[in-house]
Amino acid sequence: MPLSYVLVLAALLFSIGVYGVLARQHAVLVLLSIELMLNAVNINLIAFSAWLQDTGVPGQVFALFIIAVAAAEVGVGLALVILIYRNRRNVDVEGLSLMKW
Amino acid sequence: MEAAWQEGLFFVFATVITVSAIGVVTARNVIHAALFLVATLIGAACIYILMFAEFVAWAQVLVYVGAIVVLMLFGLMLTRAPIGKYGEYDNDQKGLAAIVAAAVFGVTAWVLIDSFEGVELPTDRVAATTSKDVGEAIFSSYVLPFELVSVLLLAALVGAVVIARRDERVTSRTIDAARREKAREEDV
Amino acid sequence: MPEGYFGQYFTIAIFIVAGVVLVLGTFALAKLLSPFQPHTEKLTTYESGIDPIGTGWSQANVRYYIFALLFVIFDVEAIFLFPWAVVFERLGTQAFVEMVIFIGILTLALLYAIKKKVLEWL
Amino acid sequence: MTQIRTPEDVAREVAEGGLATQQMILNVGPQHPATHGVFRLLATIDGEILAEAEPVIGYMHRGYEKLVEARDYRQITNLVSRMDWLSGFNNELPLAMALETLMEIEVPPRAQWLRVVMLEMNRILNHLMFFASFGAELGAITPTFYAFREREDIQLAMESATGGRMHFGFMRPGGLKEDVPRGFIAQALKSVRQVIARLDQYEDLLVGNEIFKQRTVDVGVLSREQVMSYGVSGPIARGSGVSDDVRKDEPYLVYDRFDFNVPIGHSGDCFDRFWVLVHEVVESARIVEQAIEGLPAGPVLGKVPRVIQAPEGEVYVRAENPLGELGYYLASDGDRRPYRLKIRTPSFNNVSVLPEVLRGTFVADMIAILGSFFFVLGDIDR
Amino acid sequence: MPEFIQNFELTAWWILAIKLIVVLTVVPVGALAGGYALHKVMAHLQHRLGPMYAGGFHGWAQTLADGIKFVLKEDIIPEKADKPVFKYAPAIIFIPILLLYLVIPVDRRLIVQDLDVGLFYLLAVSSIPAIGILMAGWSSANKYALIGALRSAAQLIAYELPIVLSAATVAMLAGTLSVVGIVEAQDWPFLFWPPGIGLIAFIIFFAGSVAEMNLPPFDMPVAESEIITGAFTEYSGMRFIFGYFFAETAHMIAFSGLAVTFFLGGYRPIVPWEPLTVIPGIVWFMLKLFVMVFLYLWVRPTFPRLREDQLQKFAWKGLIPGSLGLILVAGAWILYAPEWLWH
């Protein structure tokens, strides 16, 4: 199976994530789209790891680290969203112009 | 024979991933979007298994599906999901966003296809990467990032606790904000 | 039928499909056998026999979020714990100390949460 | 006292944004497993915590006080028996006593002693029922079956004498309907002794259980002042350390001849209320034992005119029902029917204090508190 | 003997088919039998007889009759519910539980599929039902269901961790994640060696699994006296069965199997004496399984339930720090305990 198939899939997933980040208003949905992008990265890493199997498994290890980073990102991100929701009763990223307020 | 199997399955999973990822970014209901994300994540886990990374695949299921999505669902139930079943969550730059996304996809896909033309993934491996391989790699070569992960998680927890902790001042301010908002709506 | 590594997952995939068929098949069977007489009263939301006030999609408690976050953090720990569990005996003291530090830092997180009383309810 | 809001009021408040902190209105009841019938709590909850709870009653209102005005006294005896369906005999007693006072009927000693036997057995029945339901509400299912095992024996004894299992209709102004049958004495004695003997099991199963203590100690504390100001009575009042028992304070029948204690709690939490309840079972069993041992011979019905017709006058009679103080205020204009019968039921007053106790507790504690506020719906709504 | 039996060859496909048939029979039948055992054990612990009529002998067909009744029940989906999510939430709860059965070795060779990461697979799969429960509770648009789902999910995740961490202890002692490898690595006396570690891990695992299955004293997600049936308040018919009853009993049997595999030596004889080793491993496994199932059933009618905050406190301040400490103790033991203590 050609490596480029997997890479194109990852690219597709990544751009869907990009679309989500740009087109969504709800902050949690933006976070979900970021997860899509992180997963695209993971797919890439795993694919390269499978390709370069003779050099050990750094790709997979990095994927694990990315999962950990995603966990931290979601944790803090959602906490921010909750705080914003508490103060403003909505979570539209469009309305987030606290500095101008 | 093996290669054909692998390729066919790859296309099945790729379709699942793509369709559900599109579901994530277009769903009209936030919970549905999160559930589409579950499908995407499980599809990605299947791809990992196809790429001989079974440990990462199950780690993905354990952490992403079992924990991060649950956290997301809790987060959603803490915010907008309860109030309306369906809502308009897209902003008015949908068209622009689609163009940007398509451009990103076009450029990266072209670059990737161009640079990795003719590279074939191995399909004849007898065994996958074992948990032993992963463990040895982490605990001999990647010790520092591993320890940093714990610091990162600690920082994330501290940050989240500071931000999301129940605080009386916040609550009363919330009420004020709600009143202000209501007044603003009435003005309009 | 594939063998070796793919064979293992082929079996599991078959069982997933079989499970789906089992559940959905039973649903279909139930649909065939059971009566279907919808009625407005029957389809209302149950709330102790009273018409619900407000919607059922109400806001959750923020404490649940902290619990879920703690869980995520320790779950991430678990994915590093298992590779460690199978190799630390061979790698010896060095790997053991690494894990002691790792668990120590995460225990700090738990202690912080306990100290900030986010695990308390009232 | 907080004003009771109707659902419409609350709905309006929600619509107006008065509850902007996202509190949720939850109806607990009228059709809910924990409310023993059609009792409704209008709970405002924030996550798992109750901001406020309003009891809404009246779903079972049958208009007893009006019904009795159209019935003669014999019919009324059977009617009030159904008011608090767990302690029928106890409901019948004060009415008979009121009539006896007005009509100046002498009750023969055997009837008095037998009444005590029946009353206390009925009290055991009632208390065991709440023992069972409290356990069930806290998720322990086994106590239910233990309690019903004991209830069955006592009920068999009472059935052999009265023919009824819940609504006995055995009381008559002036005494009892008839003498107890042969074998009743032995059976009653055996069943109450069994209860005493098995009390250790209950102590082990619930009272001594660590989880049970965690769920009940310091939960739903009812202060002495609240007891006083809301007119709470019965085991609930005694759980808060208020020594209030009509049997001791104002002995009626022959209660002054028996040696029994009134168990008193001190902290007024769910655990103390439950502890009082369990220990009252023993005390009641001891009274039954003593009453049977000292049972005099003789008739069981005094000289009663053919037609029961209370002379003009009024009387207030109170007695210690299993759930608290039951009072009948009987005003007669000399007819065969009461002119007015005002019923003061224990559960009504006891439940009125609930909003005070429930404020700021957990949803789970709400269930423990409801379980420890021993009430019967029929008794509240009459 | 008919010709087709003589010519029958046990190819890989046939083995797979047999495995499929066995598992798909064992799981529902086991769930029914577990339900019957639940009725009977509980009844006898409470001075009752339990079911006595259905089917004749001691009411053996009671749960079967219940099952048939539920198939015939009308499937009511509330008007306000989110229909697709509501409909398929029970499947998301039940199918992962079915998948747990795949890696439990009933005998040395009798296992559906041994995986190199078997233990990890188990934990990953058993973390999925939390999503199903949240789906069920949220889609019902019912307040009780939502409270129940939140409680349930919070409880599942809080008690998932003790299970994961005690399983990590097991993996450390065995030095492998393969389930068969774990059974093989255990030495007599399974639970009690190394001293304390195995037993404490077992207790933590047991407490965690009782909570995962929503058995008392951890049954507040479905506390009928508080929130009716929690997330399943609006469910009826077959969906209720798969989401709740089947899931509960199938979960119980699966976790009993896991406890046997991780701690009680799986299919190996309880004492390594010569005459006992003749008895096939499947018999030993089943015996130990029955003991475990009975333990779970015994817990059920014994305790009142805890409160939500007490439950979380028990997990986060008791079990989780305890199991983290246990991991370090086990690691120190494995690395530094003198060799002669080991064998």
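All chains are identified by letter, namely A, B, C, D and E, in their written order; residue positions are counted from 1 within each chain.
The definition used in the following text is that contacts are C-beta pairs under 8 Å (C-beta built on N, C-alpha and C of every residue); 3 or more make two chains touch, one makes a residue touch a chain.
Owing to the predicted nature of the structure, the values given are computational and were not obtained by experimental measurement.
Participant: Which chains contact both chain A and chain C?
Facilitator: Touches both chain A and chain C: B.
Participant: What is the shortest path, in steps, from chain D to chain E when you may only step between chains that touch?
Facilitator: 1
Participant: Counting C-beta pairs in contact, which chain pair ranks first?
Facilitator: A-B
Participant: Could you work out how far the Cα centre of chain C sits from that of chain E, in whole Å?
Facilitator: Here the centre of chain E sits 14 Å away from the centre of chain C.
Participant: Using CA atom averages as chain centres, what separation in Å is found between chain A and chain D?
Facilitator: Here the centre of chain D sits 62 Å away from the centre of chain A.
Participant: Quick one: report the Å distance separating chain A from chain B, using the average Cα coordinate of each chain.
Facilitator: The separation of the two C-alpha centroids amounts to 5 Å.
Participant: Name the residues of chain B that each touch 2 or more other chains.
Facilitator: 6, 52, 54-55, 59, 62-63, 66-68, 70-71, 74-75, 77-79, 81-82, 85, 125, 127-128, 131, 134, 138, 149, 153, 156-157, 160-161, 164, 171, 174, 178
Participant: Can you list the residues of chain C that touch 2 or more other chains?
Facilitator: Those would be 47, 52, 55, 57-65, 68-73, 75-76, 78-80, 82, 85-86, 88, 106, 113, 121-122.
Participant: Which residues of chain E are in contact with two or more other chains?
Facilitator: 115, 117, 120, 123, 127, 138, 141, 143-144, 146, 150, 153, 157, 160, 177, 228, 308-309
Participant: Touching chain E in the complex: which residues of chain C?
Facilitator: Contact set of chain C toward chain E: 1, 3, 7-8, 11-12, 14-16, 18-20, 22-24, 26-27, 29-31, 33-38, 40, 42-47, 52, 55-58, 60-61, 64, 67-68, 70-71, 74-75, 78, 81-82, 85-86, 88-89, 92-93, 96, 99-100, 103, 106-107, 110, 113-114, 119-122.
Participant: Touching chain A in the complex: which residues of chain C?
Facilitator: For this pair, the touching residues of chain C are 62, 65, 69, 72-73, 75-76, 79-80.
Participant: Show which residues of chain B lie in contact with chain C when the two form their complex.
Facilitator: Interface residues on the chain B side: 2, 5-6, 49, 52, 54-55, 59, 62-63, 66-68, 70-71, 74-75, 77-79, 81-85, 125-128, 131-132, 134-136, 138-140, 143, 146-147, 149-151, 153-154, 156-158, 160-161, 164-166.
Participant: Residue numbers of chain A touching chain C in their complex, please.
Facilitator: Result: residues 64, 67-68, 71, 74-75, 78-79, 82 of chain A touch chain C.
Participant: What does chain E use to touch chain C in their complex?
Facilitator: So the residues of chain E touching chain C come out as 12-13, 16, 19-20, 23-24, 28, 70-80, 87, 90-91, 94-95, 98-99, 102, 112-115, 117, 119-120, 123, 127, 138, 140-146, 150, 153-154, 157-158, 160-161, 164-165, 168, 171-172, 175-177, 228, 233-234, 237-239, 242, 308-309, 312-313, 316-317, 320-321, 324, 327-328, 331-332, 334-335.
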